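In what follows, chain A forms one complex with chain B and a second complex with chain C.
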Partner chain A sequence: MIGTGASRRAFIAGTTAMAAGSLGLPSIGGAQAKPVKVGLIHPVTGFVAYNGQQSRLGATMAIEDLNRAGGVKSMGGAKLEAVLGDSQSKVEVGVSEVEKMNEAGVAAYVGCFQSPVGIAATQAAAKYNTPFLIDVGASDLLVKRGLKNVFRMKPGFGRCVDDGIAALGALNKGAGGGAKTAVIVHESGEFGTGTAKLLAGKLPSIGIEAKELIAHDNPTRNFDNIALRIRSLAPHIVMMSNYGNEYMLLARTLFQQKVDLMGMFSVLGGGFNYKFVKEMADASQYMMDTNHWFNPLSASAQALKKRVEAGGALFTFEVYLSYTSVALLADALERAGSADKEKLIDALGKSTFKADLMPYGPTKFVDGQNEGGLPAVMQSLKGEIEVVAPAQFASAKAVFPRPKFN
Partner chain B sequence: MTLDIAFAGIVNGLMAGGVYVLVAVGLTLIYGVLHIVNFAHGSLLMLAMYAVLYLFRQPVGLDPYLALPVVAGGAFAFGYALYRGVIGRFSGGKDDNILLITLGLSIIIDNAALFLFTGDTQTIDVSYAGRFVTLGPALLPLPKLISFGASLLLCALLGAFIALTDTGKAIRAVAKERQGARLVGIDVENVFAISYGIGVACLGAAACLLMPFFYVSPSSGHAFVLIAFTTVVLGGMGSFAGALVGGLLIGIVESLGGLRFGEQLGQIGIPAVFIAILLLRPAGLFGER
Partner chain C sequence: MPRRAAIWCALGLGAAVVYPLLFGGPAPLLWRSSYALNVAFLILFAAFIGQSWNVAGGFAGQTSFGHVVFFGTGAYVSTILHVTWGWNPWAAWPMAAAAGAIVGWLIATLSFRAGLRGSYFALITLAFAEAFRILANSAPFTRGGLGMLITADPRAANFQFRDPVWFYYVALALCVASLALAWWLTRSRFGARLVAIRENEDAARALGIDVFREKVRALTLSGAMCAAGGTVYAQKYLYIDPSIAFGVDKSVEMLLVSMIGGAGTVFGPLIGATALHLVGEVTRDLGNMVPGVKNAQPLALIVYGVILIAIVRYLPDGLMSLFRRARRRGGGA
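Our next item is the complex of A and B:
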């Protein structure tokens, strides 16, 4: 990886210019190969704009790095060229971006952050048999519709739920099995509802009953009522599955309302990041999350983290997942030796790519889902994010149950 | 639902309603005088929240409650200038034009905020965030309690200002009879600008009261806009008392509805009460027919 400084502001401010020029165009007068256009579809405006911007940052950094490293060598050093799209958190806009980018001649798409947008966008891309790499979308439906053009590096929420539940079961067992009930608070979209149903179905396998599933809208202004409801139900554990703003607001409200719990545990918790645990160290203290995490032992990951932070951004999962998705695409292009869609899909399907940034084994796609993906279980401890499982990546021992307020 | 929970729910609703009141009072003032629905309301609230955020951060380090006079004053000046420089100048005195201009302003402000501040969600963590007051079965987080009290106090002060001062009388005169006010020598355009400024100042105050327990992002102001519009119509468009009672009522209905029917279904309570009241009193609770 080539270490260049990355300014997030520059990426956000100059996205259009970047798409048009500096990343992928061949130098004037050179006999370079035709650039390979890559459609990046993310919600850079709308209620999850931050997440979308982070994804765009990761993807464009990857393109920049790959181009600086000489492009796709088997294609005569062809550079990647970002074609940027904004899904605006809307399904129909995501689909129209696919159509526009198809007109622009993209070889593949990377996106979309939100599962509902991804489901519709991949379907649209399937019409043109164009590969679509899901960088962040969590729903397993994304890869369960028999679409040959869809690939996802990261584990979906099925795998994350399985691993998260197993980790929670082990923690509870280690603490004497005191936790027997849970309340699940989730956002009402495909991501939150799907995860919540899976969690409720799996919890009995570790001796915990889901007393209630509480859905909320996006945005939700006030979580006082939900805190009150949780207090009246008196569960041992609160599980949450929502996007960043609501995740943070719920955590802060439960802290302010002094709701005593053995633990707060999320799977793919949208707000569990460095910013949250540092800015709200008290509210986030002891909260746990099963999520995507970079490989802390990877020098490349640490170098990228430094660059991202030097640019004023946070090294959130969107950044390294989108970066990795572009790297996967570049690897497939290299092996296919062509941007031909059939060849590219074939190369992706046979990929054994080793994602250097991630704690994953070699890629093995089954129906488009990478079976080698691995989530991590983390806990906020004194304003830091510590990995508590799996053991080979753990940086701290989990605190469970959490101390009571009084 | 036990009585304890119902009581705590009502108290929570009142706390939430306190802030709705302040957001709605600005809107109702602007409507009452200018007779336009200010589509830029949510965007201006968001801008004020960013102002609170940056005043809180170093090097200024100003507590959001102490920042209230600064932000409200700044918001007044901004609102006044916005009316003088943009809304009044380009509307040609036509209400339809003002409506479109405020809608355009909303789009510009939102996207400018996205450009300047990015889509990142920002919060502040005040040292007293975790403190609370016990009121029977209800726990009242200190920031929400302060916000509730401050909101009602500010509404009372604003009411007194409108009722007792010469400027307030001029505002009332313009709201009642624009042409007549002009004939008796009131500078109507200036009153419009002052009214718009005061409406935006209310948002500045609301931003200070919100930030200790809410967050700001370029879209965060919109979370309160629908509630504010509902409050204004429910209370009677242009009515201060209506905004006050309407805001608190909506807070309570939202809270009890959420507790009884769940957070999603419970939201139905707001339009249900809204429709019921408008059926009985088409001009709203305190509206003039």
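Our next item is the complex of A and C:
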């Protein structure tokens, strides 16, 4: 090099600068905090693909928002990075995704929508002591196995049934106690069966007898026979606990067959969402559901709703539950100041996170279940979903009993 | 067994035994990967239950659409004995296999006594699977749709393992045993009678084969194998419900691995399970990698479907026919 004409001084200056540069680069790189990987496991294909895709939408939006706001500040602005997985509604695939994501180095998992997949996936994650935030799964089994790594922000079906029954009792009492009998229609899996059994056990406490529990498969594409059975039993109320498509089909069939009821009241009715209420305004009119709902009085919830709708999607419960679960995780990371799993589990366990989108109090986890979670009672009125209970979040007054068909 | 085939089998078995040491154990030779072990487990497990289908569907030609009835029976019998009656799951395992055998015998006796063949038999097995699913959904001893949870207590004595390598070895042992059984079928009189029935039932009867008895035997054996698989599944995932245990997708998987690999062959289910699972894993990953598309998973499923259709279209005798063609070409050269 010296022989090429460059002076000795220039050569030394050049190599010194290069050395400084090469030493300097890692230190600049080091300033960029390592991203925190979050495993998102949802059924984005299969019979509940829509729900899974909605959950993925909510969770990825939360990650984008948190990164835009500067990442995890206590970790030097570390960004969250989504690791995407598809459970395909299959237990073994869900577990396989857990194993794969563990090797990808995820700090926590968020998922899985279906309770059976969640039960197996959380157990697989427990082997690695990795926190698992249940965003949608309703079964109380998810949080009743003594696993230290499982956290669920939303109320499970036990709490939803309790609050739903209380609300129905108050409505019935307010209307003169005319409703005496009910028929419960539920999907035949763990979520629907568990909810239906709890409902049947608690209905007598408000003076209503469960005449029959009718289970149906997933998927079921024709509810004519079940509607005929309901008509023959002539209950005052029909209660439903099922996934989206079946919920909507049953409602439409009962509407088409003009089955007169005092009310249709679901607990965790998977189809009670904007899609149903907007597209089948007639069939859904006066239907009520006890479920997870965003706080209608929250400005940030309304802003997120607008953004989701502007993107051509619906603001279904999966979106804001998954969004909120990621926000809870980010809050725990902030407080833990580390993605260390032990510290993260500890931070989640001690969390007093106030979910701005949800009508929840501060989180208080008991065996992984957030005791501060609160279900809402909603009613479809003129193509809109209105919150009718609890009173502090209500946006309308409930119509009960519903008007009869002419 | 020809010398060359024996060498290949020994090499394959050796590789399968050593494989976990690459990714598991106290000091992995490559890197620690529960995922690699899990995928290998799923392949071996699918090969085993696929082989159970192959005994009845491939060798004996009794195509079943509802083989999951045996799988679910095994899963439920061992889980009920363990959870409700306090049996050790190892002791419950042979009972589950026996229950699968009994269900196989029962279905076969009823169906074949009634003279059901071909698509009628296929449909009746599907009907039995559905009936069992509905029964499991409504019976109190199965806890209905609530499903049955096995308490996590990872001890080998409890048929639960902290290290995934042990479930891999359980699946490997089952798979090797099922391959040995299939190989025996290709050599034994019993196997020859089953193949004769598959090729032409009336001709087999004319030759003096007790067709009814042999078909019942095949389904009984097949049922026992599949039920043993059900127990392994329940112990690995620690939760079963009627849809998981008796869902139609398991029947389809058993049938597919056998058909794609090569029905009625010894290695068909293993080859089929390997191909299907590897393609499934790759396409599932591809679904997350399409640039500019947030959710390309449905696209990945389409790719998976196209690959399956291509195999069925161009290799109607399954992937094993590729090996046969290669051997023929080698022999001709």
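The rule is simple: the second predicted complex is superposed on the first by the 376 of 406 C-alpha atoms of A that agree within 3 Å, B and C clash if a C-alpha of one lies under 4 Å from a C-alpha of the other, contacts with A are read in each partner's own complex, and residues count from 1 in each chain.
Heads up, the rule we're going with is that a residue touches a chain if its C-beta (ideal position, glycine included) is under 8 Å from a C-beta of that chain, and two chains touch if they have at least 3 such contacts.
A quick note: this is a predicted structure, and the numbers were derived from the prediction, not measured.
Tell me the contact category for A:Ala215 with respect to chain B and chain C: first, second, both or neither.
Touch status of A:Ala215: both partners.
For A:Met248, is the partner it touches chain B (first), chain C (second), both, or none of the two (neither)?
first
Once chain A of both complexes is superposed, is A:Phe47 in touch with chain B (first), chain C (second), both, or neither?
First partner only.
Of the two partner chains, chain B (first) and chain C (second), which one does A:Ile119 touch, if any: first, second, both, or neither?
Only chain C is touched by A:Ile119; chain B is not.
Tell me the contact category for A:Glu92 with respect to chain B and chain C: first, second, both or neither.
second
Once the shared chain is lined up, is A:Ala303 touching chain B (first), chain C (second), both, or neither of them?
Touch status of A:Ala303: no partner.
Per the contact definition in the header, classify A:Ile206: touching chain B only (first), chain C only (second), both, or neither.
neither
Looking at A:Ala394 after the superposition, I want to know if it touches chain B, chain C, both of them or none. Which is it: first, second, both, neither?
neither
So, A:Lys258: does it touch chain B (first), chain C (second), both, or neither?
After superposition on chain A, A:Lys258 lies in contact with chain B alone.
Would you tell me the residues on chain A in contact with chain B in one complex that are also in contact with chain C in the other?
On chain A, the residues that contact chain B in one structure and chain C in the other are 44-45, 49, 53, 188, 215.
Once bound in the complex, which stretches of chain C touch chain A?
33-35, 38-39, 42, 137-138, 144-147, 149, 151-152, 162, 164, 237-239, 241-244, 249, 281, 284, 287-288, 294-295, 297-298, 300-301
Could you list, by residue number, the parts of chain B that touch chain A in their complex?
Residue positions touching the partner: 2, 5, 8-9, 12, 15-16, 111, 114-115, 118-121, 123-125, 129-130, 132, 139, 141, 143-144, 213-215, 217-220, 222-224, 227, 254-255, 258-259, 262-264, 266-267.
Would you tell me which residues of chain A are touching chain C in their complex?
Going through chain A, the ones touching chain C are 44-45, 49, 53, 56-57, 60, 84-86, 88, 90-93, 95-96, 99-100, 102-103, 116, 119-120, 123, 126-127, 141, 145, 147, 186-190, 192-194, 197, 215, 218.
Which of the residues in chain A end up touching chain B in this complex?
For this pair, the touching residues of chain A are 8-9, 12-13, 44-53, 188, 214-217, 219-222, 224-226, 228-229, 232, 244-245, 248-249, 252-253, 255-258, 275, 279-283.
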